[in-house]
Amino acid sequence: MTDSPRDRPLRVAMIGHGFMGAAHSQGWRVAPRFFELALTPRMQVVAGRDEAAVERAAAKWGWAESSGDWREVIERDDIDVVDIVTTGDSHAEIAVAALEAGKHVLCEKPLANTVAEAEVMAAAATAAAERGVRSMVGFTYRRAPAATFARDLIGAGRIGEIRQVRAAYRQDWLRDESGPMTWRLEKDRAGSGALGDIGAHAIDLAEYMTGLRLDGVSGTIDTIVTERPLLGEKVGLSGTASNELGRVTVDDIAVFTGRFAVESGFRPIGTFEATRFATGRKNALTIEISGSRGAIAFDLERLNELEIFDANDPELEQGFRRVLVTEPGHPYLAPWWPAGHMLGYEHGFSHQVVDFVSAISEGVAPTPSFSDGLHLQRVLDAVERSSAADARWTPVG
Amino acid sequence: MTDSPRDRPLRVAMIGHGFMGAAHSQGWRVAPRFFELALTPRMQVVAGRDEAAVERAAAKWGWAESSGDWREVIERDDIDVVDIVTTGDSHAEIAVAALEAGKHVLCEKPLANTVAEAEVMAAAATAAAERGVRSMVGFTYRRAPAATFARDLIGAGRIGEIRQVRAAYRQDWLRDESGPMTWRLEKDRAGSGALGDIGAHAIDLAEYMTGLRLDGVSGTIDTIVTERPLLGEKVGLSGTASNELGRVTVDDIAVFTGRFAVESGFRPIGTFEATRFATGRKNALTIEISGSRGAIAFDLERLNELEIFDANDPELEQGFRRVLVTEPGHPYLAPWWPAGHMLGYEHGFSHQVVDFVSAISEGVAPTPSFSDGLHLQRVLDAVERSSAADARWTPVG
Amino acid sequence: MTDSPRDRPLRVAMIGHGFMGAAHSQGWRVAPRFFELALTPRMQVVAGRDEAAVERAAAKWGWAESSGDWREVIERDDIDVVDIVTTGDSHAEIAVAALEAGKHVLCEKPLANTVAEAEVMAAAATAAAERGVRSMVGFTYRRAPAATFARDLIGAGRIGEIRQVRAAYRQDWLRDESGPMTWRLEKDRAGSGALGDIGAHAIDLAEYMTGLRLDGVSGTIDTIVTERPLLGEKVGLSGTASNELGRVTVDDIAVFTGRFAVESGFRPIGTFEATRFATGRKNALTIEISGSRGAIAFDLERLNELEIFDANDPELEQGFRRVLVTEPGHPYLAPWWPAGHMLGYEHGFSHQVVDFVSAISEGVAPTPSFSDGLHLQRVLDAVERSSAADARWTPVG
Amino acid sequence: MTDSPRDRPLRVAMIGHGFMGAAHSQGWRVAPRFFELALTPRMQVVAGRDEAAVERAAAKWGWAESSGDWREVIERDDIDVVDIVTTGDSHAEIAVAALEAGKHVLCEKPLANTVAEAEVMAAAATAAAERGVRSMVGFTYRRAPAATFARDLIGAGRIGEIRQVRAAYRQDWLRDESGPMTWRLEKDRAGSGALGDIGAHAIDLAEYMTGLRLDGVSGTIDTIVTERPLLGEKVGLSGTASNELGRVTVDDIAVFTGRFAVESGFRPIGTFEATRFATGRKNALTIEISGSRGAIAFDLERLNELEIFDANDPELEQGFRRVLVTEPGHPYLAPWWPAGHMLGYEHGFSHQVVDFVSAISEGVAPTPSFSDGLHLQRVLDAVERSSAADARWTPVG
């Protein structure tokens, strides 16, 4: 996009450059090509600890500069946005510093590794918002058009009152007990296991689509395989194994029941599952929401589809409709391809850029906010506390 | 089937004649046509309280005689088998009397409405077994060929060690809050709601397929719609509504997590759901079992199919296989139609007759036994107690 | 069903007793249990060439008597209905004789092996109808409730004007080229191959659902595997192979395009496929019908489901609905089980009995008639002639 | 991607800038970020007739310059590649000129609007190849990983000998007969209708996956709706209608049967359908290939999945496997996201860039070649000739 005189640039710094850095970079690069944005993102600088690695990342993902010092980057006058894609344990420090430096902050989920950190971040975000500084957490699955459309339908009352939610995020990459240790299985580094990593997505999607918030949970978390071969050497998500065993210190399965707060009447029941042992399920973030007048079902493995059941259909013709959410009238779809042409995983990152940039240019608060992220952290915490208390019902926050 | 000299008849009395009576009658009538049985069932007499109604039932469903007095029937010398299809609250009395009278007993599920009743029945069954009198509980979904085949595969180790089970039975016939009261919503008559009626099937299927038993649960049961219009007049499962409201005294939703007992290692986690509010789901008894080397998934709405995932398949070609369980080599299939021809709901009742008659003729104990039925009753009871105790983990039995 | 004084019996003789005999027997036995019939079928006598075999069949399938001479049976005064389930080459002789003897005739599809035979049969049926004698061809897949419901919807204009039909019947039992010869692969005995055996079902379903008739075709038939090991001994549908090769003299694949006659406007295009080499497809009779306002899709492997697309749904919510055709309001369903309980292959034979008996008792002409059967035979013939004429478009009849 | 000293640039000019221009631009922009390419594409210049429009396109899609004169562009020394995305009637002139000017040419499908044009182009490509100038036709659906993987499996013999192919491309955007005329319905401008536009994809996919070529066809093409309201004004693919009627001069449905050439044995039969009236089908490019040892099925509406049937699986466990083609070991997948993360429509354009650039850098001939494109044009032509000759079998070329 050649800058035209009317272009108002939005200069972005990205802190971190792993798998999420690649996805965010793709969002920043692609979004402005397809969507009309009031501000034009510039991929200014990427920061990381390892200077050589970050330089390679800058070249590969198209950032104009690289830096080995994120603090310096945050202080730069020519930076408007700080995009945080580091591991969870560093989110709080970077985000708070960036907000205090007056930068808009996009922070990859989960907001933090602990409730305490998340509280600090939410407070900082609230304070910054008063100065017109925006912040957002990166739950991109909300921005799969079918997920957004589900939210729209439910918000418009198409399925009536919500009664039940079933949400699960199922993967199977730990199925093989001889598979090696990775940092994702160490509590110190990963913060959480299946619950925080993928369960968080299921919770966010459930709350987003229903517009409701969990206020109590009864849960069980556990570790199915507790020891695994130590990696000889880190090689991506898997690696090659050695003969020594390491201890898995995070949960690899979490199941819980939750209640959603409502003003009156039946408090909807949600069931949640996050597992890395669902043999044969690769990335199955599924959700089904049952209402008094209809239902919707979504499966991330078929992310261009939404199943809709409408209890107002003629009685003998009722059934779940498989809707291809690819029409120009569907959320986010108009600027992309003709109807029937599929989007993929990474398009959510473009949609995230669109929403974040729009909020900044329009001076409104983007969602999900850091407060939303804090709430989610509290749900995760309540699940852990419930599990430690014999699965007893535990209030959120 | 014209009797031949070699025919050894098995004279059957059925107590009760509602929906389940129709299904059992169909089993008794059809099974001997397709399967070679060592004993030939004779549909001798059907008993019920309302003499006119039971006479009509006899004519309709093909029983030679009818009776208004089940006690008299049980005492008859020309009866070998008593098949109980009454409501749950009368199972114990009839079954115990029949066993004591030396009749083989087939008792429709659930075994009883309470643990106490079930204990009496199981004891009576054990005592009777010593005298060669057989007893069995009627969980017919086990005998859908795909379900039986799943059990066979798992028993043979095809999916390795079990890690997780997800079982649900979802219906939506209570979705409409203006739908009327029926006896199934009254605790006194129905004994239980969604949990005992359909949740029992999910539990049985999970235990049957895995060969494991739940030994602890953490559950929540509730009633989503607590008041409904009283029926002007009973008309089948639904009826026509009046202006007065009646109180729903059974659960209409039950969700729980369970642990399966194993000798050593990780205790598999099961999640269970029974609901009558799953908008759009009509008879969705679904189960997915994840093992260390594979997985299976079954859905009663597609009862001729079994999905199988085999982690030993070539890595890039792994996926859930949709297997039509209609080959002559599949369980129960050989005497029916050529491969690819579908069976329906009622075939399970024929298979039940086959297994029950075989056990009698071979002098072995059929399954599920009354003890199995008692165990299941204890699981239901533990779920209710856990729900009353803030969802705390509660041991079974 | 104990006869009551008001019972008017309908005494049935069945000629033939193979796989179809089993299915028809099941229909005669079961239909009167579930449906209120004005006439009560009596399974009087089964006839066949091999006296010992037919005696066994009578015992197994519940016919009161057996006979080695079908001509004698047809002449009996105590027979009202003749049900023909022999191989196609004998249909004409038996049916004409039975009609002339004043018996109502149900003749399994295909009506005959040749157009000439079918013409004689249709003429005999027309003549008999004037004397109140009824006749019907046995296309039972029409009577799968989902298929009947599709016809009802289309007939009511729910999908607008028909534009396209895609019908296929795919099996794979000949996939393995080392599989042995059977009589079904010999032209002399089977009359036809894939085209007449299974293609006939696809054609009938297409014409039945649309209410239209094919009036021209362009087709190609062929034999993929032309030689197969001779059976050492006949053992069911497959058998064990020998070292000698036999010649396959029927088609094992047939594909054709057809045009449906309409009074004005676009003549809808149908594509048809019948194959025994569709690896992995066991009994996949599938049909999709596209109309100006909607579409329906049906698959016999999921015979309790119908997919319906309604172009009048809100634009962004359009999609194929998976409808479980198991509600009491669906065709044939009310007397069976509660909603959500599946029917199987054989239920169509009960529905056939219901419709045939109703037509007899009401004195109306049942469908499909022998004339319909003749038309279908002419379609098959036109496909064969087109194939022989370089696939040129060939008028039907 | 910051240029490093070792970067060898590949300077690209794109001629045309419609929907396909957007897709190709995305390919050129994104491919180098994820894949290691020996040559680094530079999006140098985009050319088109309307100077203002092309300038806007350059800004929007990220081309450094714009030009109103494609001839001038082709002559530039600083251009290595000419990427043609204009309408089919201009392909021949541009491509031949570009090849003669020594530019590598990527030409969007179909290669041309007529066989004659395609012959000239293929000859020019052959001549250019001798000078090391490369050319390729843009059938991107081949480069959906699941499609490529299907080709790999079949090429490796995994499904044995091919017997049948069923390929269809079904859309429904012409369903509503009151929908307006567009240039795509005018023979003069579009060259062809459903057959050339989408049928071409079905043919290419069938030939690509099987590695076989059609050598004869029997086909029927037609126009279901022959008159449509004239557009008041062109507005994208649809537009707003006026009161006057225009004549549809292209086919909107094409069905044909084809035979694939093989050295010996049975010539596999393919059935093909291209339609814009398949109510409810949006972009359903489906293909099923039946072999002697297995089968594969692919549906573009679920482009990340491949269904595989393996006749070598244990007999009772055979079924179509739903394989998520998203593992790092699957074609093209390694540089993208972790397993289970979906790709979309546009990724094929990146894969096309990868393959084209690799061929150029390695000095080998890319596929599909212009000769392949010519062959495909001959198939389309044979279908049209067969249709005009009463559907008679017609040799290809």
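Chains: A, B, C and D, in written order; residue numbering restarts at 1 for each.
Methods note: contacts are C-beta pairs under 8 Å (C-beta built on N, C-alpha and C of every residue); 3 or more make two chains touch, one makes a residue touch a chain.
Note that the structure is a prediction, hence the values are computed from the model and not measured.
Chemist: Go through the assembly and pull out the chains touching subunit A as well as subunit B.
Modeler: Common neighbours, subunit A/subunit B: C, D.
Chemist: If I rank B-C and B-D by number of C-beta contact pairs, which comes first?
Modeler: When the contacts at B-C and B-D are counted, B-C has more.
Chemist: Give, as an integer number of Å, the spacing between the C-alpha centres of subunit D and subunit B.
Modeler: The mean C-alpha positions of subunit B and subunit D differ by 54 Å.
Chemist: From the C-alpha centre of subunit C to that of subunit D, how far is it in Å?
Modeler: 42
Chemist: Calculate how many whole Å lie between the centre of subunit B and the centre of subunit C, each centre taken as the average of the chain's C-alpha atoms.
Modeler: 35
Chemist: For subunit B, what residues touch not just one other chain but two or more?
Modeler: Counting only residues that touch two or more other chains, subunit B contributes 318-320, 324.
Chemist: Which residues of subunit C touch subunit A in their complex?
Modeler: So the residues of subunit C touching subunit A come out as 149, 153, 307-308, 310, 313, 315-324, 327, 329-330.
Chemist: What residues on subunit B touch subunit A, complex-wise?
Modeler: Listed in rising order, the residues are 159, 163-164, 166, 172, 175-177, 218, 220, 222, 224-225, 253, 255, 257, 266, 269, 271, 273, 275, 277-280, 288, 290-295, 309, 311, 318-320, 390-393.
Chemist: Considering the complex alone, what residue numbers of subunit A touch subunit D?
Modeler: For this pair, the touching residues of subunit A are 1-2, 4, 19, 23, 25-26, 29-30, 33, 58-62, 64, 171, 173, 237, 282-284, 300-304, 324, 326, 337-347.
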